[in-house]
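So the structure is just underneath, and the comments pick up after that.
The letters A, B, C, D, E, F, G, H, I, J, K and L name the chains in turn, as written, and every chain counts its residues from 1.
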Amino acid sequence: MKKNKILVIHGPNLHLLGAREPDIYGKATLRDIDKELKAKAKKNDFTIEIIQSNSESEILEKITNTAYDFLIINPAAYTHTSVAIRDALLGVDKPAIEVHLSNIYKREDFRKKSLISDVVLGVISGLGKGSYLLALDAARDFLNKKS
Amino acid sequence: MKKNKILVIHGPNLHLLGAREPDIYGKATLRDIDKELKAKAKKNDFTIEIIQSNSESEILEKITNTAYDFLIINPAAYTHTSVAIRDALLGVDKPAIEVHLSNIYKREDFRKKSLISDVVLGVISGLGKGSYLLALDAARDFLNKKS
Amino acid sequence: MKKNKILVIHGPNLHLLGAREPDIYGKATLRDIDKELKAKAKKNDFTIEIIQSNSESEILEKITNTAYDFLIINPAAYTHTSVAIRDALLGVDKPAIEVHLSNIYKREDFRKKSLISDVVLGVISGLGKGSYLLALDAARDFLNKKS
Amino acid sequence: MKKNKILVIHGPNLHLLGAREPDIYGKATLRDIDKELKAKAKKNDFTIEIIQSNSESEILEKITNTAYDFLIINPAAYTHTSVAIRDALLGVDKPAIEVHLSNIYKREDFRKKSLISDVVLGVISGLGKGSYLLALDAARDFLNKKS
Amino acid sequence: MKKNKILVIHGPNLHLLGAREPDIYGKATLRDIDKELKAKAKKNDFTIEIIQSNSESEILEKITNTAYDFLIINPAAYTHTSVAIRDALLGVDKPAIEVHLSNIYKREDFRKKSLISDVVLGVISGLGKGSYLLALDAARDFLNKKS
Amino acid sequence: MKKNKILVIHGPNLHLLGAREPDIYGKATLRDIDKELKAKAKKNDFTIEIIQSNSESEILEKITNTAYDFLIINPAAYTHTSVAIRDALLGVDKPAIEVHLSNIYKREDFRKKSLISDVVLGVISGLGKGSYLLALDAARDFLNKKS
Amino acid sequence: MKKNKILVIHGPNLHLLGAREPDIYGKATLRDIDKELKAKAKKNDFTIEIIQSNSESEILEKITNTAYDFLIINPAAYTHTSVAIRDALLGVDKPAIEVHLSNIYKREDFRKKSLISDVVLGVISGLGKGSYLLALDAARDFLNKKS
Amino acid sequence: MKKNKILVIHGPNLHLLGAREPDIYGKATLRDIDKELKAKAKKNDFTIEIIQSNSESEILEKITNTAYDFLIINPAAYTHTSVAIRDALLGVDKPAIEVHLSNIYKREDFRKKSLISDVVLGVISGLGKGSYLLALDAARDFLNKKS
Amino acid sequence: MKKNKILVIHGPNLHLLGAREPDIYGKATLRDIDKELKAKAKKNDFTIEIIQSNSESEILEKITNTAYDFLIINPAAYTHTSVAIRDALLGVDKPAIEVHLSNIYKREDFRKKSLISDVVLGVISGLGKGSYLLALDAARDFLNKKS
Amino acid sequence: MKKNKILVIHGPNLHLLGAREPDIYGKATLRDIDKELKAKAKKNDFTIEIIQSNSESEILEKITNTAYDFLIINPAAYTHTSVAIRDALLGVDKPAIEVHLSNIYKREDFRKKSLISDVVLGVISGLGKGSYLLALDAARDFLNKKS
Amino acid sequence: MKKNKILVIHGPNLHLLGAREPDIYGKATLRDIDKELKAKAKKNDFTIEIIQSNSESEILEKITNTAYDFLIINPAAYTHTSVAIRDALLGVDKPAIEVHLSNIYKREDFRKKSLISDVVLGVISGLGKGSYLLALDAARDFLNKKS
Amino acid sequence: MKKNKILVIHGPNLHLLGAREPDIYGKATLRDIDKELKAKAKKNDFTIEIIQSNSESEILEKITNTAYDFLIINPAAYTHTSVAIRDALLGVDKPAIEVHLSNIYKREDFRKKSLISDVVLGVISGLGKGSYLLALDAARDFLNKKS
């Protein structure tokens, strides 16, 4: 049987993680998070692909190239500005979870409006790298139930 | 060593679960969810207390009676109207996660504003009973890191 | 054949009726209104239960305990603030009419927004005790048509 | 003794009733409603005049020609746009009730604002033809009390 | 001559005082404040009753049970959300002063809108326990002038 | 030399003048005002035509039939709702003054927004019949200056 | 086989075309446009009826008298104010296209909100008489596809 | 018999008249306007005092020193910002007319909100120096009627 | 030991007190209030300086000339418009209390927004001259605690 | 004579056409549309270049590289978010038409605001592939008139 | 040849500089800044006049007395409230630059709206005394280009 | 000693400079500006790198690749839409100045909101190429003070 494939997308500026505003985002680097995600994916018998991109169009390409079974996306700044990512998610209609490292509700007002949240299954925010790892658990539960 | 105690609060109308708007909230009853929560708590070596209440003041009493280590709260309707629950959370300053069964961003506009989200660690919404179970995992990770 | 049961809920502060702001609410007391409601219910061969409560949670319990066939509710102050009552009405999905003694459109701006109106059959407001009595007629017509 | 005269005004597009959006407005035609209104008026010993008009100015003429004792008006689309009808009602200062067949609170946002509601005695909405018939009862009660 | 009776109501979460956010609310406990209020009431030859309640309906009962001459109320979180308390104050029409320990204008935006302020005599905010004590002086002046 | 012709348009419900809300609009009837306008026009050697209409389209016809030199218009209720009258005024590009009997700034909020004011020469409001008579003086000054 | 009939409605003030604000609306008169519409209709083997009306109620009568197969409507000023025309379009449920001579998005803010656009098939604006002529092409394509 | 005294206040920057933005304000200087006002006052047997001031407090002093019978005020920039002038007008309760040289409705949005209009008898705007001269006529009519 | 000095500033139009809108502001004149303030200051062994000014800049000079220990300020109309007074208070960082004679929450909407409240210790409003006198008590308590 | 060149830009996610939300966008693929566009261009003796791009910057490059005579652009998601595309259109000042396959007025609120519409000649929306084809006709008419 | 004259206006509360909120405004006093401005003016062969004023009317007098060639103005608090200063700038139509010591975009929301910015050449903010000094350079470049 | 390096970023569409809307942006091309920037940098002994990019992600790469000492950025259209650029600036925490050629406050409303201004040192706008050149001076002053 073919393994389920999880696509993880880290949005713009997340390559700065660890260095960038550590009081908000923590000290773990993106590499640290990816390592844990890969380990957990392996344990769950998933294939996993992880990308970081600062480019809205690159993210669109990844989302609309539908060679995956479940999407975990941290749209970062694009959460609040990208109708295009919203449209891509609507267009491919794949199960997806939006994650945020920080609690976006504690920050600037404009970060409280997400253009993404109402077109995904659910949202996990504020739990640091845990946001990603729990999303992976949710993906497992979702895909098990379906199969 | 004393076990960590998790307090789970189900807010107003959640006693209707299973019967109430099943296309939004699913068919699982509150009893089903509580059973899974207790099983998982046991596995994690937690003490767990679960209450459902329609009364804002009863919920306040529970929150401000601080005999617990971590709070998982689904404030339901009070998410959008209760400054008092917000104040109680600010007052006791305990680690807490806000959960929602449904994706509140897909519903009426007034459900998009939470008075709670910016005074808790994080939010998990839209994943059905999974929202609660993942919150229990997050509690475990949080309490492990602390101890 | 079992008689249809009407539940009438008078919301917060309606126990003050007669004394409270008589230029807005009239001089009839709640007891006067209830007497007329009971008489009319009897004539229509209805069972009727009438409660007044200042407590949001008590009102929730009454609404979600579904032992009635039609609900007439004057949510009073909770009209404008209670998402929980709205959710209870959505949850039980019983036929209901929202009534108001005074014309709420002639008063403070915040009284013009009802959280209840779009989840009930209809609204009758501004006709004093007549608002309740006409609602009882509407209940009779609704239940006759259904049976 | 002279009989009381009731004026009933059906606003724009109500001539389409029965054909127009039956899931919102029901299958009864305007003729059906008028027949029931006339029967009930007769029983209450009222004179009744019923008009339907798509013309704002025609409605103004009818309202400001004050040869009636009570007005029942379904302003339909003009509910939300006609300051002129509001002014006419203020100008003649006759007892009046605003009625709506559908529950206007369940529809487009702009239908939630009425320019009429705060210058009439009260509002009855969402009860189909019942909205008109109950208004006739309210007229009877109002005129009896006065005489 | 019968002594004047002052009713003091402490709203939700005020039982946490001293422990709760001391940088905003100070270190004095509610017991400390009550002791000073009682002493001052005694000096002014007042009867005083002081309650703290987390329950909106309990507060309504207290306000609408009119066995008092002057009300000092710190509605706390309910300041911003309770139309019911506003209605109770309008209903009983007793002289009342709204007090706040903290300067509510220095805090979250939603704390700037009070549903209570325009139905009481006046407001005292930001002076810690002084807010209550000055209100007691104002009560004395008001009742003296009246008698 | 051909006399200048003044067109005076009284908008909807102004036929009620004298009877309608005399505390706002005064006791003079429209006939009284028209008499004074005609007398003054005669003195100024103007031809004058005065109409009152409740019909938006009739008013449009009058405005766009350009057989006049100066327009004095009291758009009444249409001040706040008629883009069509605005467009007619823009379309014919004749000198015009908007007048109001009452001070529209002392009334409901929606009366403060005029769709007409920025496409006429000027506005005179709140001076009763004086608003019209002064507009006639202004017309005289305008036409004298031009000729 | 019966020819398809197209109804074209020119809204208020369009009779001024050519004279009215030529920098916005161009120099073609309504007669010029109608001539081209008739020629093109003939070529497409359509029956065509064209009216211009300043009267909202007259436009309502035309729309709700359903003896046509496709509607091309330039609601002009009523685009922004007429809930009644919207309701008529909803009521008859005929295929329709909204057209505008000028680019309404380049003008006053209130012209950017159309009450009509979301109840028609589509909108063509800013292309002068071309807006009408292209709408006629779209009508042909729509009716061909259907038949 | 004592002559009536008219006070005319020209607000800030009106000393620039003639030089300042002549396409909006015309070429007449303040001196020109004052000369005509004095001539007309003389003809009407009024005493007149005219001041121009750039100082809000100086204007307050003039208004609240109540040695006049009628006030004509062009508050200029203070129209939109001075609650203090509004309060002064409320405080002295003298008959007053607000005038503007330009049509303030044709200009920036913030010029459309006047803090003054609802506390004066009426407003005349857009008629250049005519705005002042007509106000003087209105003063004459008002004072004649009163005496 | 040097006595503490209290500066009391009465803002614009307060010189009208007693005459001005007595139903809102009471019949006491400013002189009456000042007399009581001086008496109470004397009893508390304070130096007191009291000024009334209609001039924003004069008030700024007084506030920023820091020869006082505590400020009691009734900014009157400037409460709602003066960023400059706010900046002055921020600039000198002296303990201050904002007072209002009337309950500003019962009046026009624009009076509900204060630019001052969040940069002072606290606010006392609605208690007539009592607002000032209680502020003097609060000043005493504040200065005692500090010394 | 050189042929006129038409540039057609399909914005983000339009490559999904046919698969993506077929109830909104129809079943035709982008390839289908392009084929018809090319055929029609050929018939009209136009050169045509068609691109689809998910990249805002790629679209900017195409627009600002001015080797074309007329632009037909479906900005898709960028309609509502791209000031940069607006600026590019302003910068090159080429004749352009904005097209939309779906009726954007029937969808989410944020889709009703276009940043593009007021900087193009006109807009055609809601007519499926017809929107593009009619735009090509409009291009022909525009270029013919010019040449 | 006559030297160019620069007028520098420091608005309200800037006399507190150095003492006032040093974390926002820095430790330099106004005297320090003026010294540098004078030195630089001398080097550029400018005449310079520098004033600080807390009085809006004094600032108006300075601006409208047009004996200068270039204006550098830090309107401080009046930036956000003074339509009068805006009008004065419009009235004299002199080249001017608005400067701010602090970055006003990092502060309270109401500081983000300037009534001045769109009537000056440009704005320099957030660069401390550098804001003034760079403005002097810009003045030099502007005046050189002109001459 | 290593020279300080200045990074200058020209945002989208600035490559059109000179051709694009010359009445707003002037006739200088980007090449002209860059030449002056390089000359001035040389004089100040700075290394300078200048890029123009239409791509948001390319700009993000440049900003987050931190091999520079000071950033001068004209975000052009991205000023108003790019949370990602804001986040990049927050992430790297380098000294930066936002510049604009035109006075953005004189243009469309949406250009008045900058997502960048509150995360940079300061803003210079409206001074044409001078905006850039003065920013270079500010960079020099900033870096001198630091070293």
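Couple of notes before you dig in:
Just so it is clear, contacts are C-beta pairs under 8 Å (C-beta built on N, C-alpha and C of every residue); 3 or more make two chains touch, one makes a residue touch a chain.
All values derive from a computational prediction rather than experimental measurement.
Traced through touching neighbours, the fewest hops from chain D to chain K number 3. On residue numbers, the B-E interface is repeated by A-L, which shares over half of its contact pairs, out of the options A-B, A-L or F-H. A separation of 32 Å divides the Cα centre of chain I from that of chain K. Chain G and chain H have centres, each the mean of its CA atoms, that are 49 Å apart. Distance between chain A and chain F, defined via averaged C-alpha coordinates, is recorded as 64 Å. Within chain C, residues 55-57, 81 each touch two or more of the remaining chains.
Working note: touching chain pairs come out as A-B, A-J, A-L, B-C, B-E, C-D, C-E, D-F, D-G, E-I, F-G, F-H, G-J, H-I, H-K, I-K, J-L, K-L.
Contacts from chain H toward chain F in the complex involve residues 97, 103, 105-106, 114, 117-118, 120-127, 130-131, 134, 137-138, 141. The part of chain B that touches chain C in the complex is made up of residues 12-13, 15-16, 19-21, 53-58, 76-78, 80-81, 110-111.
Those residues of chain D whose C-beta lies close enough to touch chain F in the complex are 55-57, 60-61, 64, 81-84, 86-88, 90-93, 115.
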